[in-house]
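Notes follow once the structure below has been shown.
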Amino acid sequence: MIAGPLVDATFWVFALGSIVAGYRVFRTDSMVRAAFYLLASFAGVGGIVVLLGAEFLGMVLILMMAGEMLIMAIVMVMFMMNPAGLNPMVMVHQNRRAAVAGIVAFVALAAVGLLGNFPARPVPDPSTATAELGTELLGDSMLVFQSAGVALLSTMIGAVVIAGRKGRFGVAEEDSIEPSLQPDEEPGR
Amino acid sequence: MVALGPLAVSFAVFVAGFAVVLASWWLGGRPRSPAQTAPERVPFGGGADPRVHAWNRYHVRYYSMALIFLAFDMEMVFMYPWAVVFVREGLIAMVEMGMFITILLLGVLYAWRERALEWA
Amino acid sequence: MRPYVGAEVALLATAAALVAGVYLVAVLDRFAAALVAGAVGSWRRLLVVPLAAAAALLVQQRRTTERPDGAGWAVAPALFFGLAAFALALVPLGPDLVIADPSTGFVAFSAAIAFVMIAVFLHGWSPNSPFALHGAYRYGAAALSFQIPFLLAMLATALPAESLSIVDIVRAQEPAWNVLRQPLGLPLYLVVGVGVSFWGPLNLSDASDVAGGTSVEDSGVARLLWTIARSAMLVAVAAMGAAGFLGGWWGPILPGPAWMIAKTGAVLLAILAAGHLLARVRIATFVLVAWAVLIPLALLNVFVSGAILL
Amino acid sequence: MGLTALLARVATGAPVPVFAVAGPGTRSLIRDLRLRPEIRLVDTPRPASVLLVGGLVPAEMEMAVARVHDAMAHPRATVLWSAGAAGLGRPEGFDDAIPVDGDPVAACVAAYRDILVGRRGSEPPILPDVDPAPWRGVGPYGQGGSGMTGGVPYGRPMAELGPDPDGLRLDVLPVAVGPLFPRFPAGLVVDARLAGDLVLEVEVANLLANATAAAPSPEADPFLRALGERVAIADLELARARAHLRSVAEALLAAGLEALALRALRIAANLRAGDGALVRRLATIISATQVLRWSLRGVGAVPPEAVAGLGAGPVARASGLREDLRLEDPAYRDLGFAPLVDAGGDAAARLRLRLGEAVQSLDLAARAGARAATATGRVETPRGRLEAESSASERLFTVLPSLLREHEWGDVVATIVSLDLDLEEGPLARGRARPEAAA
């Protein structure tokens, strides 16, 4: 177990940083800023995971989030009105429900953290932890690993089918009829 | 620091580099900064006056590729632990990762055939 | 616990390496350009002009635009430079001469490379300027395409080392450098490394057809810091290339660190010279080539080097 | 204070960052300044310290020059270069600018040193400090209107939705680029509607169309003379090779190969009839890596029917047309001249053809002896057919939008660069035909 005042201080910096960044996600008008605040929040969580002794998982979390949040920023800017927040706006909706959901989730997770009965096993050395993960993937969890591959494949195909427009057989919406926005109206109007 | 080890040291290097550059940015912006007039702040367009703000709902033409990236990036997570135990596990690691990668490459092949990687 | 040094030594050592490296990049780049242009001026000029140009930017006003994202504009070079320093701190000069060698050093390095995307995108987004925005999105396309080949090219070096630690990766190259064992690795790595620091043929985001792209609105200290951060990242990428593929500190006669520095310099010179000889690629072509050629090649590289190991 | 002064003194040793504006007639003179190590031509005015204005800027471009001037960071200075012609006007507002007749580089260096050490004050902005649109205090947050995308926040409206060939209705950004965009010929304004990085619709404007060129460019000179008199073929062909090399240099610059561009410019600056080997060597370096060919292949494809009869010179010949006025000239026939033709039709083909023609021209120049071209009132310049009333580049203007539509911005720039438009050729020819108009 790693411990010490500096570790504690680092933990608090990461934890509070994550919370503040997470809060800022909803208080900014710019989609890019929102996405990158979220990235900062995730990076802080990744740092905490590293502090917990799961060095590989923490670093991978941080590594993955960079690409993911960039894509999120790009897509949000692409489709949101006023993407840069040039006109002031409010990013939060359904405040009461959101607040209740947030509090319930926090209490539930905190309860699990505080009341749960965790095994008192020593944290393995980070380098052996990665190796153990690899052995696990290739051994007992082989099926999980391979089905993850199939899941990712279907993700890719799904993404291409839904998002792609031009394909081998011509433009996707060729001969398609636009649905009407009014009820009881013929499509294609 | 001692307890955290190498990652903490490299993180400290990151923080220091970040802070130094941020401070230089701030300090370096101070000299010779009379208030900038409106025409002085116009973004460069080769001498033309922009009609609208540059920030817009930017039509990213590589969105399909970005989505495929998301899936492929996930695959990398599995490859790191695999690489570490590859020599130890030998042929079985080779075969299993070969299967996994083949499945994913099918996705890329499909995207390529459907021209999802091409610019619109 | 893996080797690392105290924080104060780490900061000093990285700072020294970065200062020397950034200056080296400036001088070597001018030298390579002069060679290609066919007129090498005086050595004195070659050595002094980068310093004078830096001073010129320091006394220049820092300009802003109509409605920029001020914080983003300031954070982008800081993030980029911090990442470069972080990445460079992971590269060992010798078996015991390393600033920090985490057991997941390789993942940490990759994470730094992934965050470069954020820094460059932010840099182009922030000024609210059409050309800068264009550069930012171009980098997005390029970076999302070369991330995977980059990770794969580097991953192959972890196979013989049986570890994600960079010191282990270099140590495992004692019998033969990876450039010999994985002949595809270094070229792939160089392609994507050039892309990360958007130099030469892959300088898509700060290109001349968008009048400087993400840095079109930069003047004064902003431009200087961005240039420094970019050069620093190039140094980090070159150093990692030397460590991961050219055997790091291994080499006859000379001491290990000397080899490491010489190899880093050689990789730098190769990248910089290529920048003056190879034209910038088209972004659309590059994306297609990255997915349809580089990724399969990188996977082939992984499996072939794996098969050789067994 | 001491530190700033020290830095400023060190900075005087740096190449002067210059943003250059090429007025009519100074195009190749300004381009050749790139060879001078004392200055550095920059792509954007932001980091520039000296604005160099060559020749007489037409009234249509004065506003753009003022905008670029104001975009430069302090400390800044302006140098107005007469480029060999006497008695040039001063664009409005440039009262502090430094006029110079001789070497502009020396003037830039001196001006830079003076503003750095404080001998000369940094120039104040030229345009009045007025928001592009009144907006403060309008709308609930002062954004100049109401609604999420309404109003003119910070003085400008936001881009609006528009149709796209992709089927997605996203913002279409109306952007005018030019007339001082460094990769375009001075005076060209590309008014594009961008959806992402794709140019949907485009209009082009030529701000030099009505310019009166006071200083004839040395490159255009033999061709201008050939409009009315017999000029030695050796002179014409040397000038042609030089122009082609400068055009190749521009293409290399646009491809990010500044060092190779310098090499091409240096060959052009000292060109002699026997330099064919140098040009061939340059062509070898360019084609050895193949990357430039890859990145230009298929870019800016010009179908032969689009330019047939326009007299578009190398552009037409790169699209497979055997159009060349030199074919009609007995003096050229005597030399055994046959035009080079390339079927590619794209930017890569035009680059290849220009390099080939440069070598061919040097060979012709070496063999021409005392032969002179026949004066017919029309001449084949490096850009194509030049007449007293119109130039090839001006005629190409009509087809330009169709070549740029629905292409990525980088391809648009590469296309325009590969066409090697020269907007000053027309005004120069007209000025020569009607000297009273130019005066």
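Going in written order, the chains are labelled A, B, C and D, and every chain counts its residues from 1.
Throughout what follows, contacts are C-beta pairs under 8 Å (C-beta built on N, C-alpha and C of every residue); 3 or more make two chains touch, one makes a residue touch a chain.
Given the structure is predicted, the values throughout are model-derived calculations rather than measurements.
Q: More C-beta contacts across B-D or across C-D?
A: C-D
Q: Give, as an integer number of Å, the spacing between the C-alpha centres of subunit D and subunit B.
A: Chain centres of subunit B and subunit D, defined by C-alpha means, are spaced 35 Å apart.
Q: Roughly how far is subunit C from subunit D, going centre to centre by Cα mean, in whole Å?
A: About 33 Å separates the centre of subunit C from that of subunit D.
Q: So how far apart, in whole Å, are subunit A and subunit D when each is placed at the average of its C-alpha atoms?
A: So the centre of subunit A lies 48 Å away from the centre of subunit D.
Q: Counting only Cα atoms for the centres, state how far subunit A is from subunit B in Å.
A: Centre-to-centre distance between subunit A and subunit B: 15 Å.
Q: Residues of subunit B that touch two or more other chains: which are they?
A: If we look for residues of subunit B contacting two or more partner chains, we find 1, 7, 11, 31-33, 38, 40, 42, 44-46, 50, 53-60, 66, 68-69, 72-73, 80, 83-86, 88, 93, 108, 111, 118-120.
Q: At least two partner chains per residue is the criterion; list those residues in subunit C.
A: Within subunit C, residues 2, 58-63, 66-67, 102-104, 107-108, 125, 128, 130, 137, 140, 144, 147, 162-164, 211, 216-217, 220, 283-284 contact more than one other chain.
Q: Out of subunit D, which residues touch more than one other chain, so two or more?
A: 4, 44, 46, 71, 74-75, 153-156, 158, 166, 170, 173, 175, 181-182, 196-197, 408
Q: Mapping chain-to-chain touches, which pattern fits: line, ring, star, complete or other?
A: Complete.
Q: Which residues of subunit C touch subunit D in their complex?
A: 32-39, 41, 45, 48-49, 51-53, 55-63, 66-67, 130, 134, 137-138, 200-201, 203-204, 207-212, 216-220, 223, 275-285
Q: Please output the residues of subunit D touching subunit C within their complex, sorted ascending.
A: Its residues touching subunit C are 4, 7-8, 10-15, 17, 37, 43-44, 46-47, 49, 71-75, 116, 153-156, 173, 175, 181-183, 194, 196-197, 252-260, 262-263, 266, 285, 289, 291-292, 294-296, 299, 408-411, 413-414.
Q: Please name which positions on subunit C make contact with subunit A in the complex.
A: Of all residues in subunit C, those touching subunit A are 2, 67, 69, 72, 102-104, 107-108, 110-111, 114-115, 117-118, 121-122, 125, 128, 137, 140, 143-144, 147, 162-165.
Q: Flag every residue of subunit B that touches subunit C in the complex, lowest number first.
A: Within the complex, subunit B touches subunit C at residues 1, 5-7, 9-22, 24-29, 31-33, 36, 38, 40-46, 50, 53-55, 58, 60, 62, 65-66, 68-69, 72-73, 76, 79-80, 83-88, 90-91, 93-94, 97-98, 101, 105, 108, 111-112, 117-119.
Q: Can you name the residues of subunit C that touch subunit B in the complex?
A: Residues in contact with subunit B: 1-7, 10-11, 14, 18, 58-67, 74-75, 77-79, 81-86, 89-90, 99-108, 125, 127-133, 137, 140-141, 144-145, 147-148, 151-152, 155, 158-160, 162-164, 211, 216-217, 220-222, 224-225, 228-229, 283-284, 287-288, 291-292, 295-296, 299, 302-303, 306-307, 309-310.
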